[in-house]
Amino acid sequence: MFLSSALLAATNTPFSYFPIVLQLGAAVGFVALTMLATHFLGPKRKTSDKLINFESGIEQKGNARQPVAIKYFLTAILFVLFDVEVIFFYPYAVNFRGLGWEGFWAMLMFVGAFLAGFIYIIRKGALKWED
Amino acid sequence: MNALLSTAISGLVLMFVGLFVKNRQSIKYFAIAALLVAFVANLFDVAWIIHHKQGYTAYEHMITVSLFTTVFNAVILGSTLVYYLLSGSEFEKVGENVAEYFALQFFILAGIMLATSFSNLLILFLAIEIMSIPQYILAGSDKHNLKSNEASLKYFLMGSFSTGILLMGIVLIYGGSGSFDLEHLGIGAMALSPLTLVGILLMVFAMSFKVSAAPFHFWTPDVYDGSPTVFTAFMATVVKAGGFVAFIRLFQIAFKGGIVSPQWELVLEVITAATLIIGNITAVYQQSVKRMLSYSSIAQAGFMLFALLSFNMRAEQGILLYAAAYSLATIGAFSVLLKMNDYTFDGFNGLARKEPLLAFGMTICLFSLAGIPLTAGFFAKYFVLAAAVQQGGMLWLVIIAIVCAAISVYYYFKVIIAMYFKAGDPEVATPSNAYKTMLVITVALVILLGIFPNLLLKWL
Amino acid sequence: MPVQYYIFLSVALFCIGVMGVLMRRNAIIIFMCVELMLNAVNLLMVAFSKMWADAGHADAGAAQIFVFFIMVVAAAEVAVGLAIIVMMYRNTHSVDINLLNRLKN
Amino acid sequence: MMQISFDLVYLLDKVLLIVGVLALSLLVAMYSTWGERKVAGWIQDRYGPNRAGPLGILQPLADGGKLFFKEEIIPANSNRFLFILGPSLAMLVACMTSAVIPWGDVLEVGGRQISLQVADVNIGVLYIFAVVSLGVYGVMLGGWGSNNKFSLLAALRGASQIISYELAMGLSLISLVMLTGSLSIKDIVEQQRHGLWNIVYQPLGFLIFLICSFAECTRTPFDLTEADSELNGGYHLEYSSMKLGFYLFAEYINMFISSALMASLYFGGYSFPGMDSLGLSVNATTVLGFLALFIKIIAFLFFFMWVRWTLPRFRYDQLMRLGWNMLIPLALFNMLITGGLILWQGHGH
Amino acid sequence: MLTVLLILIPLLAGVITFGLKGAGPKILALLSSIATLGVALVALFQFRANPAATHVSAQWIPQLKANFEVGLDGMAAMLCLLTALAFVLVFVSIFSREYERSASFYGLMLLSQAGLTGVFVAADAMLFYVFWELALIPVYFLCSMWGGERRIPVTFKFFVYTFIGSLFMLVGIIYLYLHAGSFGYQDFIKGAAGLSASDQNWLFWLFFVAFAIKMPIFPLHTWQPDTYEQSPTPVTMILSGVMVKMGLFGVLRWLLPVLPHAAAGWADLVMILSIIGIVYASCIAIVQSDLKRMIAYSSIAHIGLMSAAIFAHNETSLQGVMVQMFNHGINIIGLWIIVDVIEQRLGIRNMKELGGIASKAPKIAIFLVVIALANVALPLTNGFIGEFLMFSGVFQVNVWFMAVAGLGIILSAVYMLNMIQRVIFGESNAVTSNVTDLTAGETFSLTLIVLLIVYLGVYPKPLLELVQGSSQAVLAAFGR
C-alpha cells in the first residue's frame, strides 16, 4: 500500500481527500440500495390515469417545458458572475493578514467594481420581481 | 496606460449614465467627450515617451507601453471618434440601451489598449476576451431580429472555441518555457520542445480565428452580415485592428527569430495567401454591399498579415497606417451604408444623382480600400508590401497580393458603378448636415493621409 | 504523479471538447464542450505550475493565478452565452445550430 | 507487512467513522421529523405524534417504513432518468456535506489518535460550498424531470432562491475566514477552543449565515419551493414512495448539517468553555466535546423548528429582495468592517 | 515654380469646378486650360534658357525618402505643351456643347489634366506613380458616365487593365526603391545599376507591362478600340492624344535609362510584338466601317511604330519617337474633332452610311483631308519627319523590321484614303445632306491644328532641338 501515515495525516495532499471518496462510495451505496429496495418493495398497479401529471384535477394542457420568465435565467446568470467574484475573495481572505493595508486597498477597489456592477443591475431592474 | 484606465472607467461611468440620463443624444455626447478624454490621456503618454525617449512597463511588468503602442492607441481612439461622430446617432435605431452600447464599446477599447501593450500572456488572454465578449453582445443587440441573434450565437460559439484553443496554446507554451512573460519566454533562443511548438501553432490558429484569417474566417461574413450594421462597422475596423496588433506583438516579441521562426512563418504565409485569395474571390460573388464589405475585411486582413510576416520598422509603420486607413475608410463606407435602405448593389443605383455627397464619400472610401493612390489605403498597402519585399523570400506572396488587389478593384468598383453609372432611385435616409460635415472631414482625412502619410508616421 | 499523466488527461479532455464543438449540433452542448476545453486547460495549467514549482521556478504560481482568470472569463462567457442562447431559443424555440443558416441565403 | 496492517486499521477507522456519521445523520434526520411535530404540537398547544410508542417515539420508523412500501409512480410524460436522479442527488449531496465537519477532537485507541473528522481538508469551507451548490441540481432535476407545471415552477423558484442565498452565504463567511485565516473547519474550531467563540467577533456575519442557512435548506420562512397553498407541494409534487422520502430526508439532513456547521464555525464546535482546564483524559474530553457539539446542534435544530411554526412565509419578491438587496450588501459591509478592524488592530487576534 | 503651376492650375480649377453651376464649369475650364497653355509656353522658354530653373524639390514623405520633385527636360516640356494644347483644343471645340452634369465633367477633365502633366514632370518614382493613377481615375469616371451604351463594362475593362499594369509597376518601384534607397530618379538609375541581370530582367517586365498596356502594344491592346469607341469623344481625344503618350514617356523616362541592359536584351522581342501590332492593327483598321474604331486601330498601328522605334534605341529613332509623340497627338486630336463633329451633326459614324459631306460642308472636308494626310505622314506635314526618323532608326537595327513596319505605312494610306473617299466624297444621302458646317470654336481648333501641321511639317527644327537633350540622355544609359 502506498498510503503512508504521514501522507494521510497531512491536510494538503490529494490523499487527504481519500476519506471523502470513501464517504462518497458509502453514500452512493446507500442511495442506490434504498432506491432499489423501494423499487422492489412497493406495489405496482399502474393505470394510465395514475401516470398522467397532476394538474389540480383538470385535463392536462400541453407540455410543461415552456419558456419561463426571463427572470430566472437572469438570476442564474447573475449568480454565475457574482459567485466567481465571491470566489475571488477567498484566496484574499486567507492571505489578507500577510497582504496588509496594500492588499486591503486593492480589495477595496475590487469591492468597488463588484458594487458598481451590483448597483447597476439593481438600478437596471434585473432583480425586480414585483411585475 | 492612461488611455486604458480612462476608457475602462469611462465604460463603467457610461453604464451608470445610461441609468440616469434618458436623453440619448446627450449620452452620445457624453461618450464622445469620454473618448476625447481618453485621447488626451493617451497624448500625455505619447508626450511622456517622446520626452523620455523610451517606453515604460507597468503593473509588475504585465504591460509594456512603447511609442508604437501609444501612437496606435491614438489611431484607434481617433478612428472611434470618427465612428461616433459619423454613426453615433444610429445606435438608437438598434435598440433602447444606447448607453450600454457605448459602454460595451468602451470596454472593447480598453481591451484593445491592453492588446497593444501586453507583455504577458495573461494580459493577452484578458485583452482578447475583453475585446470579444462585448462584441458577442453587440452582435446580438438587435434582439428581435433572427439574423442578429444568429450572428451573435455564431460569433459567441466560434469566439469561445477559439479562446479555448488560444488558452491551450498558452498553457503548452508555459509548459515548455515556464513563463508567461513575453520577454522571458525565450523561445527563440531555447531548444524547441514539442510542447512549445504545438503551443505556438495553436496560438497561430487561435489568433487567425480572432482576426478572421482564412481558413478560420468562416464565421466572419455571417457575423458581420447579421450584426446591426452600425456595430459591424466597429467590429470590422477598430476591433480587428486591435486584434492584429495583439497578433503582431505576440509573434514579433515572443516568437521571433531563432529556430522557432521558420516553424510558424510558413504556416502564416500559407494563411496569408489563403486569406487573400479566399477573401477577394468570395467577395466578388456577393450580392449585398454589407456582405461584400465583410468579405473585403477578410481580404484586408490578408494584407495586414503581411506586417506580421515581415519584422522590420516598415512593417510597424505599415500596420499603423493600414489600421488608420482601413478603419477610416471602412467606417466611412459603413456610415453611408447605414443611410441606405437596401444593402444590395442594385440598391445603390443612381445614388450619385440623389445624394452626390454620400456617393462621393463612399467612392473615396472604396478607393482607399482598393488602394488607389492619393487615398490613405494606397500608402497603407504600399508599406506592408514594401515591408514584405524588404524582408525577402516572399515575392510569390507579394505577387498574389497584387493580383488580389486588382481583383478587389472589381467588387469595390461595382458599388461605384452602381452609384454613378446606373440609373435608379435609391431609398436613402436624408443625411443631416452634421453627418455631411463629418463625412467630408472623414474623406478629407482619407485623402490627407493618402497624400501625406507622414502626418501619422512621423510620430513613430 | 508524473506530469505526463496530466498532459494526457487534459489533452484528451481538450480533444473531446474540440470534437464536441465540431460535431454536435446543439448549441448548449457545444457550449459545454467549450467549457470542457477551458477546464482541460485549467487542469494542465495547475499541473504545469506544480511541475515548474518543483523545478524551482520562482514565479510558478503565476499559472495558478491564470487559472483564476480563466475561471472568471469563463464565467463571463457563460453569462453572455446563456443570454444569447436564451434569446435565440425564445425566437426560434430551438437551440439546434443547423437552423443557423439563414444568413447563407 | 506492518505498513499494510497499519493502514488497514486506518481504513477501518475511517469506514467506521463514515458509517457512524451517516447513521447519525439519518437518525437525527428521522427524529427531527418527530421533533418537528412535537415542537409544532407544543407551540400550537396540542399533542403531536403520540401513538407509536411512548411519546410517539416510534413514529419516524413507521413513517420511513411506510414510504418503502408505497407504490413508486413515475409519470408517463416525465424523463425517467432525471426523475430518479433528482432525489438520489439530493440525498447524495446531503450525505456528503458531513465529511469535513469535525465531530469531535481525537480519540486515543491503542496509542493511535483517531480523528473524529472524516477528512480534514484545508479547504473545508469551500468543500461545503461546492457540495451544497450541487444540491440545487436535485431540486432542478426533480422539477424538470417531472414535467409538471407546478414542479417546474417550484424548481425554478427553488433554484433561484438557493443560488441567490449562496452568494450572501459565501460573502458572510469571507469575514470569518479573514478572522481565522484558514479554510479548514478543524482549524477554525481549534482556534475557538483557545479563544473566544467567533460569534463574539462576527455577530452580523452569523446572522447573515443563519438566514442563508434557512434559505438554503428551503425552510420556512423561505419554503417557497413547496409552498402548498400555491404550488401543491412544489418540486416534489409528482414524487411518491422513498423518492419523496429522500427529498424530505435530505431537507432534514441539510438542516442537521447546517446546524453542525453553524455550531462549528461560530459557536466553538466541539469545544466548550473550560474544556481544557477540566483535567480529564483525552478521550473523555473528546466525548464531552462531542456531546457539547450535539447539544449545540439540537439547539439549532430547535431554533429551525421554532421559526417554522412562528413566522409566516415570505412572498417571492420579498425573498429575492432580502437576498440580493439586503444580505449581499450587508455581507460586503461586514467583510470590509472586519478587514479594516483587523488591520487597524495591527494583525492582532 | 512654373512646373508646379502646370499641375496646380488644373488641379485647383478642377476642384473648384465641381462646385460651380450653369456655364461656370465650361468657362473656368477653358480659362484654366488657356492659362496652363500660357504657363507651359513660358516654362518652355524658361527651360530653353535655364533647365535647372524648372526643377522644384520639396520634402514629402521623409520615412520613404520620397520627395515632391518635379522638373522639365526637353521631352517633358514638349509633352506638357502637348497636354496643355490638347486641353485647350478640346475645350474650345466643345465649347458650344452642353454636357449633363457639366461641373463633374469639366472637373474630372481638369483633374486628369493635372495627373497627365504630373506624370510628365515627376522626377520621383512615387510621385510618378501617384500621378499615373491620378490621370487614370478621372478618365475612368468620364468614360463611364458620359460614354456610349456599352460604356460600363468596356470602361471597366480599360480600368482593370491599366490598374493591374500599374500594380505590377508598383512592385517594381518598391523593389527598385529598396535597392536605391530613395525614390529619386537619379538614385533609381544608380540603384538599378547595381542589380543582377536576372533581377533587371524581371523588373523590366513589371514596368513594361504597365507601360505596354497604356500605349497599348499588341497583345495588350484589346481594351483600346472598345474604350475609344465608347468614350465621349472629348475624352477619346485626351486618351489617344495624350494618354497613350504616358506609356511611351514611361518607357523613355523610367524604363530605358533605369534598366538599359534588360531593355537591350528584350528589345528584339518588344520590337517584334510592336511590328506585329502595326500590321495587325492596320489590317483590322481597313475592314472597320465604324469611324471611331478605325481611328482607334490606326492609333494602335502608329503607337506600335513608335514603340518599335524606342526599342531600336539609337539617336535617330529616339528623336523620331519624341517628335512623333507631339505630332501624333496633334493629328489624332484633329481627327477626333472631325469625327466628333460628324457624329454630333449626323448621329452616325458608320462609314457605309456616310458620304457626300464635301458638298454640304466644305470646311469639314478640307480639314479632314489635311489632317488625314498628315496622319499618313505625307511629306511636308508634321507626321512625315517623325516617321522618317523612326524608320531610319529601325532600319539601322534590322532591315526586315523596317520592311514589315513600312507595310504599315502603306496600309495606313489605304485606310485613310478609303475613309476620306467614303466620308467626304460620293453621293450624299438623306442623313448626310443635313450636315451643317463647322462652328467658330471648331474652326478655330482645327485651324490651329492645321497650322501646326504645316508649320512643323515644313520647319521641324525647334522640336528636334527641344528633344535632342532627352534622347541623348536616354542613349547615355546605354553607354552611347
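For clarity, chains are labelled A, B, C, D and E in written order, and residue numbers in each chain start from 1.
One rule holds for everything that comes next: contacts are C-beta pairs under 8 Å (C-beta built on N, C-alpha and C of every residue); 3 or more make two chains touch, one makes a residue touch a chain.
Note that the structure is predicted; figures quoted are calculated from it, not measured.
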Graph distance between chain A and chain E, where chains that touch are linked: 2
Given chain C and chain E, the chains that contact each of them: B
Chain E and chain D - chains in contact with each: none
B-C or A-C - the one linked by more C-beta pairs in contact: B-C
Centre-most chain, if every chain is reduced to its averaged C-alpha atoms: B
Centre distance in Å when chain A and chain D are each reduced to the mean of their C-alpha atoms: 14
Computed distance of Cα centres, chain B from chain A, in Å: 40
Chain centre separation in whole Å, for chain D relative to chain C (CA means): 33
Interchain centroid distance [CA atoms averaged], chain B/chain E, Å: 42
Numbers and ranges of chain C residues touching at least 2 other chains: 76, 83
Pairs of chains satisfying the touch condition: A-B, A-C, A-D, B-C, B-E
Residues of chain B touching chain C in the complex: 122, 125-126, 129, 133, 136-137, 140, 143-144, 146-147, 149-154, 156-157, 160-161, 163-165, 167-168, 170-172, 174-175, 178-180, 221-222, 225-226
Chain B partner contacts - residues on chain C that touch it in the complex: 7, 14, 17-18, 21, 27, 30-31, 34, 37-38, 40-41, 44-45, 48, 51-52, 55, 57, 59-60, 62-63, 65-66, 69-70, 73, 76-77, 80-81, 83-85, 87-88, 91-92, 97, 100, 102-104
Chain E-facing residues of chain B, complex: 317, 367, 372-374, 378-379, 382, 385-386, 389-390, 398-399, 402-403, 405-406, 409-410, 413, 417, 420-422, 452-454, 457-458
Touching residues on chain A, where the partner in the complex is chain D: 1, 3-5, 8, 11-12, 16-20, 22-24, 26-28, 30-32, 34-35, 37-39, 41-46, 48, 50-56, 60, 63-65, 68, 71-72, 75-76, 79, 82-83, 86-87, 89-90, 93-94, 96-97, 100-101, 104, 107-108, 111, 114-115, 118, 122, 127-130
Complex contact set, residues of chain D against chain A: 3-4, 6-8, 10-11, 14-15, 17-19, 21-22, 67-78, 84, 88, 91-92, 95-96, 98-100, 118-122, 125-127, 144, 146-153, 156, 159-160, 163-164, 166-167, 170-171, 174-175, 177-178, 181-184, 232, 237-238, 241-243, 245-246, 316-317, 320-321, 324-325, 328-329, 332, 335-336, 339-340, 342-343, 347
